[in-house]
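One chain, chain A, links the two complexes that follow: it is found with chain B in the first and with chain C in the second.
Entry: the complex of A and B
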């Protein structure tokens, strides 16, 4: 392709994109407003009905719990897709990637531990303060990534053995679906809230929201770890002196 | 049977078939790049056809943009809220950070600047009262995404060095 043809194609595509963008922008509601009453209704109703002080949590795990089930399985199948896509037939030699600076390793260990605790907090109080299973799960997975960044693949692999993580992902996704059936049994509808709503502002609030919250956290954390493990396996397995299958020599 | 009904069926059938072929392709091929062709088609062609089916079938309900555009016009004058100065500042900052990422030529430095861009997005979410989103953006923007970029850059550079070594020999 010559430069001119490329420029022509870009001009046509760019104009099309600009037209669609302007069309979409013209349809946006004014700043701070939107057309539907749903959000305002929920802000009024959720704190009384579910005793959750974070309405986002109540929407994600209760009022629109079925949507979240779909999202969970999107993540689940995305991870399955990535492992299918990146499955390897042959091992390639890659440079060893150990971090050798003691201060960095020490800082990393402290930071990873702090991040892990922060993740647990974000998950646990997901329906009281901003946070929740999705965000907290990503934060938890971030703690493991920090171990890789400031330590090495060996430390990361020791903390995240493949089959338990895979199992955790499946258990997290399955628990969400099964809790839905518990809703049929005890509340009369799939994913219906079947526990007492508890006290607003405390960890015991929101009925079955905490259970769904933790199931999501486990699923998301394990899924993120699996994604990164697949990615790291493709790029950085140090094959010169150590293989994860054989363990340290 | 109307023409639009037939069109609906054609869109749905071709969308599902495209998706199926994409899945089979991902499983069947041995090379990662061959598989990527199919995963790309699975992420674009199938959903596009199925989306086209939804638009043809239910012009007002499913195709939200068209519906919103019309109802937005019907209101007459749109109500516009006040934007506080802090929000304007952070929007400008995000724009500047994004520009800085694009302007940086060296991939390694680009990754670093990109981390700052992610951080500015976190502040943006907080300022626009979306702390839930900000929490996940912290990890994705400042750990996960830079990590993927760094690993890829390290690998590509390692390969480049390998080829120059063999050239010398």
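Entry: the complex of A and C
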């Protein structure tokens, strides 16, 4: 089949499909016209019964915490899949891996530290104010990536030793699933809330949400770092006598 | 206690994390066992769920968020026998695969075990979930694990292409599912299947519902590989490691079919039942075309894994016909077919792995006569082929005969012979390959069969006795399901319950528990004479197909030339369409969805 035929048929069918989709969209309620009870009920129940002030956090880790378990493992298997598929060394053009400007390195070190603290804050207050383990985990991993950008691959590599990060990832993912079993043991349902609901607006609120939140943060942060490392490994070939597996001489 | 419903998903997930964490420290001698034990325990839990769900539908609300006034706050699992049976099938095949692949994977075996457990969790979750977004999550989990498993032998070119085709087409499918889910949520404000179903019932189907239904069904038709959404499957199966293929073939495609049935009866049957004929006609046409076209494609292959892949697609088409009739008997037939064909096909893939280990190739022509060294395996392969044919009272016969009876009750007397033809041709292709490999029959060359670039097969430490034993056990299970006493009545009863939207909705949202009678008495299945005739007919067609494949040259020259003139353009056309180019595949998905959507827009609309 030639490219022209494929594109031609695709254009015709795609237009038909687009028209069909628009027909469906036209039947939806107008923008801003939310008239279902679900959102309103959750807005009532979460602050009252869980003392959670971030209802989105409550949806992610409590009402639909089971979806989050699945999503966490999607990330987990994506990382496993990437390290499986990228396990062969690729020989590609090597970029310079070392930043030699002192101002950049100094700024980067400060920025990375600030970013790391910001990440911790986004995680820790994730169920009180907007934030959460998923978002915070990515920010935390971003701090490490900033070390690579402003320092170099060696500094990044020294900060993120492969096997502890890999262990942290498995522990984070496994902890979420095991906390679910704790729910069975103490609350009668998988992922059931088995801690006191605490005081609204404080870090001690939301029952087991904080635990699930931190498990997610550990998993997501470690997963992102592993992803960065896998891709960097295929991209960076250290220039001189230094190889990741040997460490600095 | 309904908490048991969490185990088929949560246990393999904890297991995957555990294996990822501890595998490097585990002594080499016992490295393989944790994953096997976890998978086996998962099957045990799913089986307990299956047995208990025969008496009453089990519901578990995660986080303890029970519905309030019919409003589902959280995510729930709802187990009735068909869903639980799907989870058992997936678990059994993953367990068999993990045992079979003892020392099979030379590279990154830790990641392989982790991914297999995650894959199992995804399939179980999809089968048990009662929430459409939650099903999407498990669909994605299944997909991510499966793409990586398909691309396992990444150092070769074939697996890169096969896994990419798989990932791209199935991601388009996931996008369809997400769009459909969003439309339903926008329309009903609910994600729980029962709640959406209740909210849609009593209204006519409008644009939103029809578009959502089309997208959800099309997404799953890609997953289960129905023509014209099927192209990726043969590419992915041809390159995946054998133990992975067995699970793909026996459970993954079938999970897609299960989802179509689940969503039709639980969510859409209210508004769409008045137009059931339109749903039926479209699905039936697709199923029939799939069954026949893929059977012919199977006949044209010499690469055994690709041949089996087309056999799988053909069986998916037949099972889709069973679902399309929208009736309990045919649905029970489809379910039984899925189980027995699932085991038999998995066994055939396992047999391929043994051939690969011994002779470093799965090319039918290169293997000519070399299977004589493995007579026991030859017998097992022949038995599996017989199970696929559905010879009376063996293997897929139970499924075929129940499906045929359902079709006849609908007055579709032309359907069973066509399904018999498809079954016969695809099983004939398997028989031909078996005869050529294990008996050395037929010529060593056949220009009709599609050549495939040779594989570079990595060395393996796998144990041949373990591999052959697993192959034999799996095939025997597939055969035995044809005469399992009581299975026919139980599956029909289960299908009745599966189709009962009212009971499902009341059980899920209102907590109204219904008890069902004790399982039907154990009686042997008594087939109608017509079913027995179809079973024998399929066997004759299979033998004739195999003989034609092996001894075409003995046909008189004039007849052969006339046949070639008639069939060659069609064969060439079929081969051209199956191009291996992912752009073509996405184009076909677009065309198929637009066509199905167009037909349903015209026929499902209004009162």
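The definition used in the following text is that the second predicted complex is superposed on the first by the 219 of 249 C-alpha atoms of A that agree within 3 Å, B and C clash if a C-alpha of one lies under 4 Å from a C-alpha of the other, contacts with A are read in each partner's own complex, and residues count from 1 in each chain.
Everything below uses one rule, namely that a contact is a pair of C-beta atoms (placed from the backbone, for glycine too) under 8 Å apart; a residue touches a chain by one contact, two chains touch by 3 or more.
None of the values given here were measured: they were computed from a predicted structure.
In the superposition on chain A, A:120 makes contact with neither chain B nor chain C. Residue contacts after overlaying the shared chain place A:131 against chain B, while chain C stays out of touching range. In the superposition on chain A, A:145 makes contact with chain B only, not with chain C.
By the touch criterion defined above, A:228 reaches chain B but does not reach chain C.
Once the two complexes are laid over each other on the shared chain, residue contacts for A:109 go to neither chain B nor chain C. Applying the stated contact rule after C-alpha superposition, one finds that A:32 touches chain B and leaves chain C untouched.
Touched residues of chain A were counted for both chain B and chain C, and C has more of them.
Within the superposed three-chain model, A:81 lies in touch with chain B and with chain C [touch as defined at top]. Contacts of A:24 after superposition: both chain B and chain C are touched. Contacts of chain A with chain B, set against its contacts with chain C after fitting on chain A, overlap at residues 23-24, 26-29, 35, 81, 84-85. The touching residues of chain B, when paired with chain A in their complex, are 26-27, 30, 32, 35-36, 39, 65, 68-69, 71-72, 78-83, 131-136, 138-140, 143-144, 147-148, 151-152, 154-155, 158.
Per the touch definition, chain A reaches chain B in the complex via residues 23-24, 26-33, 35, 54, 56, 81, 84-86, 89, 94-95, 97, 122, 130-132, 134-136, 138-139, 141-142, 145-146, 148-149, 224, 228, 231-232, 234-236. Within the complex formed with chain A, the chain C residues making contact are 3, 5-6, 10, 13-14, 16-18, 20-21, 24, 60-65, 68, 71, 73-75, 107-108, 111-112, 114-115, 118, 121-122, 125, 133-134, 137-138, 140-141, 144-145, 147-148, 151-152, 154-155, 163, 179, 183, 186-190, 206-208, 210-212, 214, 576-577, 579, 581, 583-584, 586-587, 590-591, 593-595, 597-598, 601. Those residues of chain A whose C-beta lies close enough to touch chain C in the complex are 1, 3, 6, 9-10, 13-14, 16-17, 20-21, 23-29, 34-38, 41-42, 45, 62-67, 69-71, 73-74, 76-78, 80-85, 87-88, 163, 166-167, 169-171, 173-174, 177-178, 180-181, 183-184, 187-193.
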